[in-house]
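In what comes next, subunit A is part of two complexes: it sits with subunit B in the first one and with subunit C in the second one.
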Partner chain A sequence: MAIHEQLKKIILDTLPGVECVIGWGPGQDALHGSPVFMRKPEDVDSFMDTPLGAFGAVNNLALFLPELSGKKVGVVVKGCDSRSIVQLVAEKLIKREEVVIIGFPCEGAADLTKIEKALPEGREAGEVTGAAIVGETLKLSLGSEEISLGLADIKADKCTRCKTPGAVISDAFAGIAGKAPEVRDEYADLAALEAMSLDERFKFWEREMSRCIRCYACRNACPLCVCRDHCVAGSRSPHWITQTDSTRDKLMFQIIHATHLAGRCTGCGECQRACPAGIPVLLLKRTFNRGVAEIFGYDAGMDTEATPPLLTFQVEEAHIKEREWQ
Partner chain B sequence: MSNKFISHEKLRDWLEDLSARFEVWAPVNTGQDAKGVVVYRPFVRDGALEFARKPVESAKHTVFPRSETLVNFKTGAKDGKPALELHVPEDPPARAVFGLPSCDARGFQIFDPVYNGSGTQGLARDNYYLRRRNATVLIVKACSKVLNTCFCNWVGGGPACTEGADVLATELPDGFILAQVTARGEAALGSALLAPASDSQEKQARKLHEEAGAALCAPPDLSASVSALRGKFDDSAFWEAEASKCLSCGACTYLCPTCYCFNITDEARGVLGARIRSWDACMLPLFTMEASGHNPRTGKIQRLRNRIGHKFSYYPSLHNGRIACCGCGRCIKSCPSSVDIRRIVTDAIGITGTAGLKEQKNG
Partner chain C sequence: MKIGVFICHCGSNIAATVDVLKVVESAKSMPEVVYAVNSMYTCSEPGQQAIEEAIKERGLTGVVVASCTPRMHEPTFRRTVERAGLNRYMFEMANIREHVSWVGKDKAANTAKAVDLVRMAVEKLRLDKVLIPKFIPATRKVLVIGGGVAGIQAALDCAEGGMDVVMVESEPSIGGKMSKLDKTFPTVDCSSCVLGPRMVDVAQNERIELHAYSEIASISGYVGNFDVTIRKKATYVDWDKCTGCGLCTEKCPSKKSYDRFNEGMGETTAINIPFPQAIPKKATITAASCRLLSGGKCGVCAKICTSQAVDYTQKDREITVKVGAVVAATGYDLMDWTVYGEYGAGRYPDVITSLQYERLLSASGPTGGHIRRPSDGREPKEVVFIQCVGSRDPSVGRPYCSGFCCMYTAKQAILTKDHIPDSRSYVFYMDIRSPGKGYDEFTRRAQEEYKAQYIRGRVSTVYPKGDKLVVKGVDTLVGEQVELEADLVVLAVGGEASQNAPKLAEKLRISYDGYGFFMEGHPKLKPVETNTAGVYLAGSCQGLKDIPSSVAQGSAAAAKVLGLLSKDKLESDPQTAGVDVKRCVGCRKCINVCPFGAIREVDMRGQIKAEVIEAVCQGCGLCTATCPQGAVQLSHFTDNQVLAEVEALCQS
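This part shows the complex of A and B:
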């Protein structure tokens, strides 16, 4: 039985005991999927009923769990999404017993930006009228034109460095979890940025942030961003962030966001995917993630019993030799 | 006045010529490669103008800035009493926006009755809006293609609709044909660089308009949206299903050509300060937060209901039935959760099987 059929069966079995099961269903066109909240057995028909199937399961559905806390819900997860759940449980932001986690062996998810970039010059993703996955290729129709793209070329970057293609924790699993791949995150995406001088880097961020429209999709798409209606960006007393259209303050917000996520961010990349202006905000979070890994040896979202390093302190940190500082 | 023509080679010369009289804005690829993000920017001669892909943002901010200073102030004392000095910023420069799609220009027509007094029995005339609006020439570029998220024809528009446009530009293989629509448009077309358009160019333009119009799917009848959405107001199961996947961000509102809400904030540093007007969004929690701390719209369900209800029910019931949506589709295209406003409205009315709209289970 195909994975998505197995998942459907698990979802149907889960439904009677939960408020709903959150999964992926069709979006506005062949390329887009969309979160679907399955409440009745007939809702399950639309689960992964999309041309891209599991490859189009891009949304991190762990996002919706804190707002549903108090209710028992099921959620289908990719490996990366399951890490968000682990982190939410570790921080006691959701209760483990309130979530039924359904995993599957993820083979990677699409990056719509990469797909658009791979289309001929002047063409955009919204022109795609049909899509089908054939082997390791995504075949697209743009009206009468046919275009083939290799799946490896349009997979999200996070998938290429993924250590957890199966769920880190799950209550049910469709198929068999493969062996965890031996990959090491070299943070290659940060190298280009760090090769720039400080001045160049600042200009880079000013250019990128100049497109920011302050919609806060980055913040609201983040499963670990839990201040919700009480965000520093909305605070009027004290008034932390200006209402003028200031690029520096927009960057300031991103730095606050990244700092709040230090040692908590699992690198799911939803902030960057959600940005309508295509601002590479994940780079900021990954800079912190690398630092946290180096200093505290901590990787967020791997252990529900762990305490994130910045939510605690040690009198003597193993990798911070304060006494040796001059 | 007969139509004009400008070749692709001379386009930048003409826009430079226009720049002597207007602050010219145009869609620009701001990225590092051919597929960078397209947004509106002030025209510069060596800028990466792009007309092939639709700008991610609407042209709303060219007339209604994301943030503008209403008044600068200085606090102090005079003769032992508190004194306040006020300084209203100078009038903004006249602008010409070249290359915006028709939906973006039509968006301002939804702004107008709210801000020019006509829709409020003269109660509210927003001079900050009007001085920019009246000094802006909109040179619409007819759309040559239709995206999956485009639905301008559902709400009375079309790829070459001239409603809201001052000039209609149509891109031919060798340049743009320019048709004057309003008296304001004449000011932009008074340039020696423009040649008269030939009959065959006119014919080509008309053919392109027809082809683009034909590429849109047949629209459903939305005339029942006013009463249908009012009827659904208290149907919490309906709104919960529609709003479940919403992440409650402001992408839809801030990309929207017709969302006109704003907030006013005083920001001061010492004795100097400014009263600032900045965009606000009904999808964000602070929008309805009251001074007491009470928030009548407690969550995303009430907020999304307001956004849809306002556009397809409350606004039309106040403004002669006009729907406050221009069908640009940006709220769908850029929604991180693929919330589809078309589907919510057709669900509310009870229309099924709409062409071009994928049938889905309720969220």
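This part shows the complex of A and C:
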């Protein structure tokens, strides 16, 4: 049985005990999918009923869990999504017993920006009339035109460094989890940025952030940004940022977002994926993630029992030897 | 708001490198500033009067003083503005001395920086709010941790002043290091004759509750209201029944237990009373040496005890007490001198520490006061003392002077001659440090009257030769190598903070330095206070010191405690955190980071919210730094106030 058929069966079995099961379904066009909230057995029909199938399961559905807390819900997860859940549980933002986690052996998810870039000059994703995955390629039809793209070239960057393609925790699993791949995140994406002088780097960010339209899609897509309506971005007291259209205020917001996610961000990349302006906001978060790993030996979203290093108080940190005098 | 700004010259401390008048001129154009003036010494009486007058005459509603560190004079100026009718929190200080004039020489740059700091203070002041302290009841009882001479003094003085005292001592008896000493400098009077009666006073004083062989398990609460959990370690003897007769110690068949009190110079029984003058004079079983407790068969002590005090089933017990103040007097320990391979690293039995030597000199010691070599029991004739072992030696991480070793070495040289008139003492020293009443005369006496031979220089190596020890060193005054054959080598081992000091400091929430010594509130003006309200220091836990200084600090700490608890209500600091429930999303981050357990979770119409317990909050600000949406704010240091300061700085 194909993975998505197996998943459907699990979802049907799960439905009676939960408020709903969150999964992926069709979206506005052949390429885009969107979350579906399945409450009744007939809702399950639309699950992964898309040309891209599991490869199009891009949304991190953990996003919806904090708001649904208090109710029991099921959720289908890629490996990276499961890390968000682990982190939410570790921070006690959701209760483990309130979620039924359904995993599957993820083989990577699409990066729609990469696909759009690969389209012929002047063509847009919305013009794609048909899509199908054949072996290791994605075949697209734009009217009469046919193009095919190698899956490896349009896979999200995060997938290339993913060490948890199967869920970190799950209550049900479709198929067999493969062996965890031997990958090491070298933070190669940060190298180019860090090769710049401070001045160049600042200019880089000013240029990037000048496109920001302050839609806060980045924040709203982040499964760990649980402040939602109470975000400092929109508050006068405290008045961390003004509402003026200044690049510095926009950058300030990104820095605040990155700081608030330090030691919590699992690198799911939803913030960057959601940004309509294509700003590489994940770089800031990944800089912190690397630092947290180096200083505290902590990797967010791997252990529900772990204490996030910045959400505790220790007179002496195990990894920071302040008082070594012997 | 009508703000007045006062810029201090601090004599020439500030004025020499800051153009004070220029700062005054700039201040005049800052928002809401209606008055700015310079002042020679703002903290002096006329300086403070000028502030009071300006408040009254010009109707000021807020004051900025630009002068020195707020650690020193913020309380002073808060009182000043309060006298003139303002709320004491409508005051801000800019530190243009420690942060400006003392650290930079460029007058133009300094002046610009001083203007920035003043502008920041003005901007913060504009957002200051009137804060009113609350009054909280206080428990009139003090906890003294450590029963050395400093702790004993603090306890007795507190009791004398009518205060109830709880004393916690980790060893089976109080007395500390002084109880191990034979005679004490500079008077060479018998240590136990001086200390003994004071220890008895502790036992007999009705106000003092003594918990020996106990430790602090945890401590929570705040000034006036500390909740202390004391762990009473199992002694396997019911101390209520034990009469201290010592019969058990005579009959115990396990006689090879390490003798802690005698610093390992002798061996003792598994059940033991450390020394004749011990307070409390009660027996304790060392479980590891006890035949029965380590799994074998015995039970001799239980049989012999006429009061049925022995109880092999005893367990550690915890009790809780409530106190209003704490005196930490945990003293010091000798550093681990075996890092010195050149002195044998502990391999040669006749190379001993100064404290071990005290036990050999003491009439109540393992040799009955006869100096005998540990190796063969022979009386030594040639004794070499090596000073600064683990003091003033950065190579072993001990750059500081232990303070008392020069003096006790001189004392030990004198006593050696007294005990063995035909002996000769040699002292290798770096410098002789003997400031103190009668101290220098004392070290001279050791040399002139008692003929101790002082050699200025370090010892490079000690090694055995036959039944002697060869000591090789250098005499830097003569510029020659020296080689001596000694019968006994005594190392003046330097001190360090007592072993568990950092752990205790964390429980008490006081700071400690890199060596584990507790930090005083101010090196000159608050020598026995800490930066945690209600916690005081006495004796060598704060830094190594001799008995007279330790006793003086004990009395000083007692005076502070008596002063603090002279009122039955204490003013609480209103600079605490508070939660804006409209903004709080109940993510509990603040609860997790608060080191004082001052935030709890409350259910507000089905939603989780955080709530600060004001009396417990210490105003550390960790929660505000953690809360992503800024729902928890620290009064007087709100995000907006800090941002206003940053903004002021960035705009200039």
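Rule of thumb we're sticking to: the second predicted complex is superposed on the first by the 319 of 326 C-alpha atoms of A that agree within 3 Å, B and C clash if a C-alpha of one lies under 4 Å from a C-alpha of the other, contacts with A are read in each partner's own complex, and residues count from 1 in each chain.
As a convention for this text, a residue touches a chain if its C-beta (ideal position, glycine included) is under 8 Å from a C-beta of that chain, and two chains touch if they have at least 3 such contacts.
Values in this document were obtained by computation on a predicted structure and should not be read as measured data.
In the superposed model, A:5 lies in contact with neither subunit B nor subunit C. A simple residue count on subunit A separates subunit B from subunit C, and the partner touching more is B.
In the superposition on chain A, A:146 contacts neither subunit B nor subunit C. Contacts of A:186 after superposition: neither subunit B nor subunit C is touched. Within the superposed three-chain model, A:206 lies out of touch with both subunit B and subunit C [touch as defined at top]. Of the two partner chains placed by superposition, only subunit C is touched by A:92; subunit B is not.
In the overlay built on the shared chain, the residue A:310 is in contact with subunit C alone; subunit B does not reach it. Applying the stated contact rule after C-alpha superposition, one finds that A:239 touches each of subunit B and subunit C. When the shared chain is aligned, subunit B comes close enough to touch A:217, but subunit C does not.
When the two structures are aligned on the shared chain, A:226 is found in touch with subunit C, with no touch to subunit B. Residues 228, 239 of subunit A are contacted both by subunit B in one complex and by subunit C in the other. Listed in rising order, the residues of subunit A touching subunit B in the complex are 20, 25-29, 32-38, 42-43, 45-46, 59, 63-64, 67, 116-117, 119, 121-124, 126-129, 207, 210-211, 213-217, 219-221, 228-229, 234, 236, 239, 242-245, 270, 273-274, 276-278. Only residues 30-31, 33-37, 39, 52-54, 56-57, 65-67, 69, 145, 147-150, 241, 244-245, 247-251, 253-255, 263, 265, 267, 274, 276, 278-279, 281, 284-286, 295, 299, 329-330, 332-334, 336-340, 358, 360-363 of subunit B touch subunit A when the two sit together in their complex. Only residues 91-93, 226-228, 230-232, 235, 237-240, 260, 307, 310-313, 315, 323, 325-326 of subunit A touch subunit C when the two sit together in their complex. Those residues of subunit C that touch subunit A in the shared complex are 397, 502, 506, 514-515, 583-585, 587-589, 592-595, 622, 626, 628-631, 633, 638-640, 643.
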